[in-house]
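Pasting a structure here, questions to come.
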């Protein structure tokens, strides 16, 4: 039994804590959150201890592993705390929103030979796993182009925009990671173009964008396109398309049911998509934790690493630079 | 060059005449219709001769083949006229709405060794051809069940209902033919249940039904279900499903375009179906004529025969008897 | 907190017990199974008590409700035991495989004003709920025809066939219930035709069939077709289609992922369907228990009743009689 | 009746000539091709005159309009010949593969107030017409992003590659035109990245590419992505996706039939796509000619102009420059 503490009792911490509590390989020992009421509520619900002190929780001798779902700027520090204490870590992205700090953390984690997995949930979606397996099985030959469409159901609140780090670091970072996951090679060049068409005033206020397109290419000539928009009226849209020398693969979105409606006005009409990531990636969060715990148990390598977190951030930074300069940026 | 006359200048005659005129193997010699204005209009449009006399048109020495698109009760007579004169025939269903008359006509046509093809247009739809080819290729193993859904976009006018011969002979007869086409065996038993739910008053007035379900079985145990309704708000619905020992095949309906719409209210929404048979089976009518002309040219057997017309009628008659008696009827 | 015991530790009992253990409104007190090892294994896994005595388990003062997942011939007896003891019941279908016994049980349960829900899991599938809600919302006007396709992935083992009660009572009974659920009216006439095309020798040995078709009609003229086959190479196929005066509704099957593959040989190819009911109806079993517990908590009527179980059995019996007589049977 | 001559009796000339011959508003007077045998064969088939002299054919007093389907480097010259003679023109893309020459031709055609339509066939595809109409109807609000996927079924022959003008001018030019058509605004900036992954040796030999990605943006911030590949194993892939403020629209590809196959290995499998543009755009070529003839008859403006041809070429040139410089290019 792996004894786990969850740091952060917000939206994502709640997901992880419930998954830990339900997993046969784990026992949920404690949840920690600086907001005592949040920690208490979650601990009461899941029958574990509560704390307002993340570091003390990491230090508990009855904790083998921690799941970090705290604000972005605490990730690097808490990962290092845990790693130094010999605890395994599953940490939400990013390593840090500052590339230099992220690099320092990655270096130290590597030196410590720490067991740290980055929580890139999309890699653990059943359909995305199936995409990767089909590529690995040679179903479509050599990958040539990857097209990623990624749209949120609606603009985040003003306050979130203010502290998000911008659309590239906050939203597209998941797509940069999926690009690496699906390309199977590192991009060596990034071009990005960003726009303000959903809420131009808000975006200008925070020097952010709500809509973007990216092109990346690898050394062997594989290409990847990403398009993101902060608003899609029809729901949370998450699609991947991989063109290979022998075929193509696509995934589709999820909906609450499979019902199709035929009327005088339309045919084959389905419901809007599942609204946002907590619903869309329910299975992915569960699979992600499962992969973490099974790798710890078996001693096999963790499926994602801080380096993956660093690389996704590096691509985001390059995209930001490309938007500023109008040039492709080498990475 | 096969010289063709078209008998009947109504809705279906116009389709056939235009297809003859456009076919590289045929020349359209004349169109005949008792309504002179109709014959004149069509002949002017297609640059051929017009007549009000079907028999005289059949008798023309410059006519090798006739396409019969006249009212149902003239089919047997005109087919025999043409066959006795040694002309090839493509005739709309039915042979006759009276089974005894149909049997007599089939017998004489057989005795004459006449070249007569029944115009069961659905057999020549590209998707239905593909279904039959896939079955023949063994893609789904041995056929076990066939499910046919067949719905008109709306009730025909009162006048049409009055002279249609009833839903089984007028509408379901196409489905009985498709059942034989897809089963690849003769049904030996028919059960049918009919209902009045679209326009009960109109249906009672003419002792007709607007909605029906049929079950048939072959000697080897293959089963077929047919469901028909005179009204489908979303368009002309024509679907076939074939379950075999190794798989299943389905076709889909056609729409004006392939556009899908995603909004806050719905996703994947497509247009209503093509409204009715003239649009839905445009390619089928063309393929049907093509098959007729190519078989004539090559001397190979015609793909459908008066016997097919007789068998579809026989199944319709059995279904009507089943509705009356509440029993399965052996055929 | 509703204190629950689960009777039966087999395939279906395990599902129910796990769902009870995970439900926030329930506590799993005990599992009972005459095979001690099965009860022990399940109780150890879910951290509750084990027993080999179903009646004693029902009688426990700390048990408020029981879930019955025992063999069919024990259902009526155990339901009555529980009802007489004032316990609420969620019972797998059928009430009994003998209609007279089922009627007697239903009558006594009614006299006791017992809180008994029949576990017709398909009614609680998210898509089937959505179908019913769309009908209730008037999306397709008045229902005219219901078409139910229901295919198992493969023949059950010889031993199961020997004791199943036959394809109508064992397999189609779920479809008879769904017919009532979707028609919203009682069928008054049943015609059925059964066939042996999957394994004729096995079916003859047990005087059973592996393939069937049914037509039913309600007093108002609504029609329902059911087709069943014990084998579908492509997976567990469960489809519903409802034609109404203003439109049509369809559901679709579920697959492990949403991936589509395009190659030189095919396009849009998806995986085989989820293999069988435990995977296909995972959410349905969870929703079913949830509906049971919430109704108990709120005191509102249970969504299904023993009468529903009796009616599904009655339709199955009528179908069997119809197969024997070749006639439609009034119910 | 509009009297038409078709210049060029190759692949595309044959399509146009047959469509002219079948159109009720037109009469096919002559076909011209420097290869006498090609002109003769086509004229014999369609029952019109043949010539090896395009200019003499244009000059015929019984010719009102010409359709130009000759090699690219003759387009500008023949358009001008026809325009100076007061003949209407439907001309295949490009105006010229040299932007300066194209600009000169466009200017002279404008000065002549010539009736010249550029044959951008994709704009006349039924689904693409429906996309444009849905945008115009406000179905998806304001357009934000357009994604164009455009893949040929296979590499053209070596000889074609040698004289094609390169993938941007030869293949992507259609996509640049569709981008303008769907955006409803002119792109002001183009970034492109090209790759050699299908046949690197062949592509290097001709300093060409077989795979590309483009990002364009308009002044108001609308974005467009194009991806092209010279080879798609599953057929000729032509997809458009338009994200707007209120929804999204997509088209789908066409296949020979609508059959779906379900087996133990796969479900919903459809046939490969229609192989190439002559099959895929059969209806589009017919609609294009129809639009040309109807506009001539009614005197209304032609739906596309030489300026459209010039603009698509300008975007292709900008993309080529972008590939060379690694920068976005203003247009």
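Labels for the chains are A, B, C and D, by order of writing; each one numbers its residues from 1.
Please note the rule applied: a contact is a pair of C-beta atoms (placed from the backbone, for glycine too) under 8 Å apart; a residue touches a chain by one contact, two chains touch by 3 or more.
Note that this is a predicted model, so its numbers are computed, not measured.
> Please flag the chain sitting at the greatest distance from chain D, going by CA centroids.
Using the mean of the C-alpha atoms as each chain's centre, the farthest one from chain D is C.
> When C-D is set beside A-D, which has more C-beta pairs in contact?
The greater number of contacts lies at A-D.
> Per the centroid of Cα atoms for each chain, what is the distance between chain A and chain D, given in Å?
That pair's centroid distance is 41 Å.
> Could you work out how far the Cα centre of chain C sits from that of chain D, in whole Å?
Each chain's C-alpha centroid was found; their separation is 57 Å.
> Which residues belonging to chain B are in contact with no fewer than two other chains?
232-234, 246-248, 253, 260-264, 271
> For this assembly, give the contact graph shape among line, ring, star, complete and other.
Shape of the chain contacts: complete, all pairs touching.
> What residues on chain A touch chain C, complex-wise?
Against chain C, the touching part of chain A is residues 22, 126-127, 129-131, 134, 139-140, 246-254, 256-264, 271.
> Which bits of chain D are touching chain C when the two form their complex?
232-235, 253, 255, 260-273
> Using the touch definition up top, name the residues of chain C that touch chain B in the complex.
Contact set of chain C toward chain B: 141-142, 144-145, 147, 149, 151, 189, 191, 193, 195-198, 200, 211-215, 217, 220-223, 225, 227, 229, 231-234, 237, 241, 243, 245-248, 326-328.
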